[in-house]
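Paired with subunit B in one complex and with subunit C in the other, subunit A is shared by the two complexes that follow.
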Partner chain A sequence: MKKNWWKILGVLLLLYVLTVGMLIPLKPGIVEVIPGSVRTGDQIDLKVLGYNSFYSLAKKPIRAWLKLDDDRALQASDVKVTSDRQLAIRFDIPDYLPINTKVQDFALVLDSDADGPSILPSAVFVTQDSIDPEMGLQVWKNSPIDQLTSKNILTFPFRNILSETIRNTYFHVSLWLSMMIIFIGSVGTSIGYLRTNNLDFDRKAKALTVAGFLFGLLGLTTGAIWANYTWGQPWSNDVKQITTAIALLIYGAYFILRSAFEDEEQKARISAIYNIFAFVTLIPLLYVIPRMTDSLHPGAGGNPAFGSQDLDSTMRMIFYPAVIGWALIGLWMAQLLYRVDRIRAKLLDLH
Partner chain B sequence: MKKAIFSALIFQFCWFHKLFAQTGSPDFMRSVGKIYVVVAVIVTVFIGIVLFLIYLDRRLTKLENQIIEHDQNDN
Partner chain C sequence: MGILRETGWLLQKEFLLEWRNKFALSGILLYVFSTIFIVYLAFFNVDPRTWNALFWIIVLFAAVNAAVKSFAQENSQRQLYYYTLVNPIAVILSKILYNIGLLFLISLLTWLGFGFVADNPVKDPGQFVLVIFLGSLGFAIAFTFISAISAKANNNATLMAIMSFPVIIPVLLTLIKLSANALRILQDTDIGTDITVLVSINMMLLGMALLLYPFLWRG
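The block that comes next holds the complex of A and B.
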């Protein structure tokens, strides 16, 4: 029991991840704004559909803005609460906008004392009939977005494309990081074999590679499921998808290479060297190349991977335990395989 | 044995699909803020762990057979 504390820890961590990660609600957000495009000079009534929102519980009137940039915003003239999840907001769009583009997107910002602030980027597109930034400046009634309510309850960020699937961070993203930890262990044992020529190290390296490979395959399939409902299709030939597929093929070749040798010593030595090679290619394939080009994944093409919007402090509370939990489960799997292999070797000696 | 389990898994997938279709909404997976995508991901990871168990089971069965063989040779 004392020896197995880390297995219990792994299971407990994953139990925590599964329960807390699924129970914490999303921050109230805006799903849709109808209509999505208006013309200058219009008085428009926007129908706003909220998510996890409680508009009717707001004690103070809900405030709304159409945000142009960090300094300029247009406040709503009237906000009517239709239901907890629906608002009717009236905006008077001026005849001219203080910009010289024909079409401009505005973000919708809401502030309610029941839900806190919520934002929908590019919610409304305003088309100018005639462009005159000078006139636009004169008629622009700026009302800066200020005194936003701050809410200190445990929530996950609401991201429009992701909504609830942001929870997949604990079941997809963490799998990849755990895979990395397991593969580091595998390389360590391979180096250990090359230094000592002890076949136990080779068995450990193989078992760890099996566990890491399984995590990689799971990462790829769960990623495809997630992508199907966020990017529109399971496989979009994204850089990271392609490079991880290549990395997994390289690791798949490790097992084929092993099966090609009869002699245990030769098998162990060559597969140890191959394992080091595979790990060396894994780093650029997973962490360098995807960052150099445009990718749908965060953390590529200038997108920060761990920006505060993608992984806030509440999510970190679940994400890091998830990484450790999955890694411990993977180690457990590898340990079971290693023990089976060791018994098999003992049996072969007896024959 | 492995084939049977595999086809059972595939059958289950098809059955799930029917179940989704029966809920009436054409976009069951996208309902309730796409929470069922998370469910599908967790189910996939669980299936992965089960596949590992099957793999381990088969290896242990081989070992057991070797032990039985070894005992028979001794007698």
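The block that comes next holds the complex of A and C.
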């Protein structure tokens, strides 16, 4: 019990991640707005489809805006609740807009005291018949978005396209991070071998590399499943997908290299050297090259960076335990592999 | 400095050996020219984008073939003799320096040969030479070290390929981007960053090779 506390901790953390990470609902959000494009001067009735929303439970009337930018927004003249998931919102689009572009996208912002605020970026595209920003300024009835309801219930953020798949953060991203932790451990034991020439260090390094390699494969697979739902196909030749595949090739070469030697000492020394060298080349591969190229991943090519917007405080409560949990389970797997290796070596010595 | 003088002597030995049997350079040159000719016969019309890709593939394979020889010709008795005489860092450093020179020459000749048969799309020769030089630097450092590893496994050629190709990809991706700029296929205003990245990857590989080679050589 005293010796194995970290295994129990790992299992408990993963159980926590599996249950809480799957059970906490998403924030109410907006899935779709019909029609998606209108003309100036129209009086339009937008049909809004909500997600996880309870529109009929709202005690105060639901408010809605079409948001142009941080200062300017147009308030709805009428909001009708059709059902819990559906709204009909009426907007009077002015004849002229206070901007120079022919087509302008507006975000739809909703505020209900039952659900809290929700937003759909680029919900409606407005086409101007004739452009006159001066006239637009005169006819623009600005109604700033204020006094939004703040709700304090435990939810994950609702993000368009991602929606429920946001929960994959606890698997894809945290598997990836714990893989890095395990590989760092493997490099540490390889350095340990070169310093002491103790074969146990080599066995540990091999076991950790196997566990890390497995996590890398799982990270790639969970990523491909995620990409299938969000980017439309499992493999889109995204730079991070490519560099990950290369990283796995590097570690694949590590296993082939090991099998090329008969002598245990030589196998241990040379694979330790390659392991350290390979890990150092991983750094530009995983952290420099993806930053130089456009990527579909968050944090590259104009996509929002991970951490600031994608991970809110509720998600952090699950995400960090997930990283630690996966790392501990990986260590446990590596420990089992290491023990099997050691027993095998002892048996071979006896005969 | 002892190491620098030892490196100088070993480098001189490398050139002397090369001059005496003219094996590595002439073999590689024949390899490069036959590859160029096959590629040309297969393509005939090579547009700049393809030219860029094919050029680096030819150079990459020639570099692997050239570098794999760096430890193959050293038998174990001679290794033991070095071991009693010189610092291991001098050994790997002299091999790397020799390979840099060899690979730079090979890439220049590939450019000449490929440009001769399939036109020369390079718009900025100065930049292209710089890119070629940085490329030879990266290839030489990585491949010399990997060939030292594969020499320990009886010069296993498969092992050399599977270990060196993934390791060289960060260098190769940056190189292709930089040379695309020298060919004016893409306009990059921020070429300095790419060069800095390439130089720092090269320096990192060199540091690791110098740090790890003494352990490798002990066997």
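As a working rule, the second predicted complex is superposed on the first by the 345 of 351 C-alpha atoms of A that agree within 3 Å, B and C clash if a C-alpha of one lies under 4 Å from a C-alpha of the other, contacts with A are read in each partner's own complex, and residues count from 1 in each chain.
Convention: a residue touches a chain if its C-beta (ideal position, glycine included) is under 8 Å from a C-beta of that chain, and two chains touch if they have at least 3 such contacts.
In this text, all values refer to a predicted model and were calculated from it rather than measured experimentally.
Asks: Touch test for A:194: subunit B only (first), subunit C only (second), both, or neither?
Replies: second
Asks: Could you tell me if A:274 is touching subunit B, subunit C, both of them or neither one (first, second, both, neither)?
Replies: second
Asks: Just to be sure I read the superposition right, which of the two partners does A:72 touch: subunit B = first, subunit C = second, or both, or neither?
Replies: In the superposition, A:72 contacts neither subunit B nor subunit C.
Asks: Taking the superposition on A as described, I'd like to know which of subunit B and subunit C A:204 touches: first, second, both or neither.
Replies: A:204 contacts neither subunit B nor subunit C.
Asks: So, A:167: does it touch subunit B (first), subunit C (second), both, or neither?
Replies: Touch status of A:167: first partner only.
Asks: Which partner does A:340 reach: the first (subunit B), the second (subunit C), both, or neither?
Replies: first
Asks: Answer with first, second, both or neither: which of subunit B and subunit C does A:260 touch in the superposed model?
Replies: So A:260 only meets subunit C here.
Asks: Write out the stretch or stretches of subunit C touching subunit A in their complex.
Replies: So the residues of subunit C touching subunit A come out as 142, 145, 149, 152-153, 156, 158-159, 162-163, 165-167, 169-170, 173-174, 177, 193-194, 197, 201, 204-205, 208-209, 212, 215-216, 218-219.
Asks: Along subunit B, where are the residues that touch subunit A in the complex?
Replies: Residue list for subunit B touching subunit A: 29-30, 32-35, 37-38, 40-42, 44-45, 48-49, 51-52, 56, 59-60, 63, 66-67, 70.
Asks: Which bits of subunit A are touching subunit B when the two form their complex?
Replies: It is residues 18, 22, 26, 51, 162-165, 167-168, 171-172, 175, 214, 217-218, 221-222, 225-226, 228-230, 329, 333, 336-337, 340, 343-344, 347, 350-351 of subunit A that touch subunit B.
Asks: So in the complex, the part of subunit A that touches subunit C is made up of which residues?
Replies: That would be residues 194, 243, 246-247, 249-250, 252-253, 256-257, 260-261, 266, 269-270, 272-274, 276-278, 280-281, 283-285, 288-289, 292 of subunit A.
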